[in-house]
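Shown next, in structure tokens, is the structure this report addresses.
The letters A, B, C and D name the chains in turn, as written, and every chain counts its residues from 1.
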Amino acid sequence: MTHSPESPLRVLVWGENRHEQVEPHVAEIYPDGMHNTIRSGIEENLGATARVHTATLDDPEHGLTEEVLADTDVLVWWGHMAHADVDDDIVARVHRHVLSGMGLVVLHSGHWSKIFQKLMGTTCTLRWRSEEDREIVWTIDPTHPIAQGIPHPFIIPQQEMYGEFFDVPAPDEIIFLSTFSGGEVFRSGCTWRRGFGKIFFFSPGDQDYPVYHHENVRRVIANGVRWAHTERSERALPTLRRHETEEFYTGKAYQGALVR
Amino acid sequence: MTHSPESPLRVLVWGENRHEQVEPHVAEIYPDGMHNTIRSGIEENLGATARVHTATLDDPEHGLTEEVLADTDVLVWWGHMAHADVDDDIVARVHRHVLSGMGLVVLHSGHWSKIFQKLMGTTCTLRWRSEEDREIVWTIDPTHPIAQGIPHPFIIPQQEMYGEFFDVPAPDEIIFLSTFSGGEVFRSGCTWRRGFGKIFFFSPGDQDYPVYHHENVRRVIANGVRWAHTERSERALPTLRRHETEEFYTGKAYQGALVR
Amino acid sequence: MTHSPESPLRVLVWGENRHEQVEPHVAEIYPDGMHNTIRSGIEENLGATARVHTATLDDPEHGLTEEVLADTDVLVWWGHMAHADVDDDIVARVHRHVLSGMGLVVLHSGHWSKIFQKLMGTTCTLRWRSEEDREIVWTIDPTHPIAQGIPHPFIIPQQEMYGEFFDVPAPDEIIFLSTFSGGEVFRSGCTWRRGFGKIFFFSPGDQDYPVYHHENVRRVIANGVRWAHTERSERALPTLRRHETEEFYTGKAYQGALVR
Amino acid sequence: MTHSPESPLRVLVWGENRHEQVEPHVAEIYPDGMHNTIRSGIEENLGATARVHTATLDDPEHGLTEEVLADTDVLVWWGHMAHADVDDDIVARVHRHVLSGMGLVVLHSGHWSKIFQKLMGTTCTLRWRSEEDREIVWTIDPTHPIAQGIPHPFIIPQQEMYGEFFDVPAPDEIIFLSTFSGGEVFRSGCTWRRGFGKIFFFSPGDQDYPVYHHENVRRVIANGVRWAHTERSERALPTLRRHETEEFYTGKAYQGALVR
């Protein structure tokens, strides 16, 4: 529960890593790749209490093998132009790990990723515009661990606009609301629990703007990583079991609908 | 919004209709099929303000064609032994209609149906036992429309036990909690919004017990049907659109991730 | 439950009615008093299905006698400069009626009224500015009855700014979010249940701007009035009662802490 | 945020300490007073990371002076037969500290204390019986910090029954549900945020039964104490301030309703 250099939180930052290859202006903002910029923001804030690795779409199995996921406490997800290239079987694997207790932090355009849609059950659509709006991020849940140390509000000078209606289930907690120069609003920091896993979505961040270099964005992501870690000891999916009267703890495996 | 004999609420009760064919004791409790018993409970309570049809698994396209769904305000779902036989494409169609505004009432063992899992994003597992427990249903949201006219508590003399942990997203509203003779507890009446659709899950009800003949169970289901109807005028999926500054209403269709 | 000209919803609009007396520019915008403008907006939308009365601070007992409250399904509250002049005993009476089942719609500066603070348990403070900001009201709960028929978004050309942090309990439902020209954001349409009563807070509206003449503001308030009505048949406070085993319905009155 | 022996969490257990004086069977179960038994359970679980003091009703100012509260991170409250003897001014002081950031853990019969009612805004009534029911405590929010290390379920052999309807605002989180031998159910572990303070209510515990000696009850209370601590640096009430356009951080004090 308390992470130390001896027992650090095991974090994996997954980056699509495509825009950086095909768009020079993105490579200029993020010369090490967006995933490495995100990683450095987490390391900067969590220090030796976290051990942060990265993986990308083009790695074998997208870098998300069973072994890697079993060794991950919290997965951070950034994707955009290549959502469709993520293999459905690997999405199912990540989904199983989240329901079994792995934390998940979904960033920005990850709202439209297969894994986020699968966990939400909705279209996860929104309204948008990329015209250098100013985004102001306001805290409406001031005691939430993810909001600690974050100014109210903080300002991102240039940003893509993400606006409502954001088609997601009503969040368990809404921590941040963002407004944009054009007058739009967005639930920009939200949490949901699914199975034994905790999910944090944070919308600021884009390949076209240097948002992942912003001090407060980095701090929010680090806070979110720490929050998303579940303190349960085992990684196991919720299962359906039959419990006889007065037998509360073990149960029996399901035998089929016609077995009574 | 107000339903009248001239403009009735269009309800479709979907029943798997398998236990009734293969288990004589079920056919004895539900000689017209469970779907028809559920239907009669809705008609009994909503009268001429609702028009209730039925469909079953063995109908062509499971009775859930595009035309039928487009003509349905609220779909009621009961399935159990044949969840796996429901065609994935038809599940996707129902899912699209729910997100587009069709109400959905999921009953009892429907908790493990493909459509409910797809909407929830979780395993929807629970603990269970079929040993003639007494179920007591308590109201914890007394002003909710679905709780109106329902005694606090009401008792179902013999029932299958469904117990926590029920692996679903934290409900938007928990209306009913059930306890069982064995000491278990279950969130037995819950709501969730997904897209433009409203979902009500109600756990009492089973093929092995005459639960759908119970006066208060019938009233809750009818209240749930009425509640799940969304008053929006069109049936349309939330979509991602680009809105220029000061253009708030129409937007433009998405052109792809590299188009700015 | 269904209101008709024979059995209309009984609505009472309570207005402080002070600014209209001391500030000519307010009297110009609201020549009949703000309470009558609010009343007309409700009548315009609910027609003969509602019967709308008014009461003001200077009426005997502020127009909120036991008899009047017992004859009220939903109370609408607007106050601002004279919150402190509302008698504590009458606040306690209104509080008791809300917990017993009377609906309450609190408007704008009513956020700082004694009755709203007493129901919320918090300071109900916020940030503000009166500088003719443009307010844009966005719907984030599109299936909510209060949002029906309301454009997404709608615009109020000139308004006082109310901004976060708004110190209220996390709402049961957030229906509307507002943004302002200055970049602030506010949870502008929220619901809470307290006891057997339903509460809707809606922030647009001010004595200095003609907001209660705005078509969509009027519709939201009317929707809120209809929603806040609880369908329970009796007006009674939740009470603590002792229930012997297997005696579920009647109970015995509390006899004191040392009586076992 | 991380508490250590050098910077321990400052906890104050407030006990009414009356039953222990007038009822020999209570003194027998709790020879050191209930507050000291509760204290030892917290110390047992939090060790040197917490410093736990106690205060009782009969202390000057009930042991809740401004200085004591300013030196308290989390207050634990147990009261029952003497709720009415708690001074209203001291209740107002505790209320102010909670809204300003002090954590509050309310135990069992504290549901009917003045401070809990003031924070909830409702009657906080319930149904009850003291007849040695068995209470079973079930976890429905398995990733919540307060549920960590707690068996699902755990059993309290003899307990007072607390049943629904529990007249409190819909909790922000429901962590535990309890059932009783008689078939009743209760939301037994719930959280709410109010102002800058976090509140945890936990119902198991009674003067007539040795519940505060139960291993898992002690662990839940300790978890609740740790959770209720807010990481904000200052103890200050939310206030209403005017912010000019583009002036986001300081604001000006409120000058009255007629000053524009």
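Definition applied: contacts are C-beta pairs under 8 Å (C-beta built on N, C-alpha and C of every residue); 3 or more make two chains touch, one makes a residue touch a chain.
Model, not experiment: these values are computed from the prediction.
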Touching both chain A and chain D (chains): B, C
Farthest-lying chain, centroid of Cα atoms versus that of chain C: A
Homomeric contact chain A-chain B: same or different residue positions, threshold half: same
Centre distance in Å when chain A and chain B are each reduced to the mean of their C-alpha atoms: 30
Chain A and chain C, separation of their C-alpha mean positions in angstrom: 38
Shared interface positions of chain D, touching two or more other chains: 136, 141-142, 163, 165, 170, 172-173, 181, 183-184, 193, 248
Chain D to chain C touching residues, read off their complex: 22-23, 80-81, 99, 109, 112, 118-123, 125-131, 133, 161, 163, 165, 167, 169-170, 172, 181-184, 192-195, 208, 237-246, 248, 251, 256-258, 260
Chain C - residues contacting chain A, complex: 134, 136, 138-142, 152, 163-166, 170, 173-174, 177-179, 181, 183-185, 187
Complex interface listing, chain D residues touching chain A: 1-2, 101, 136, 141-143, 145, 148, 151, 153, 155, 172-173, 193, 196-198, 230-232, 248-249
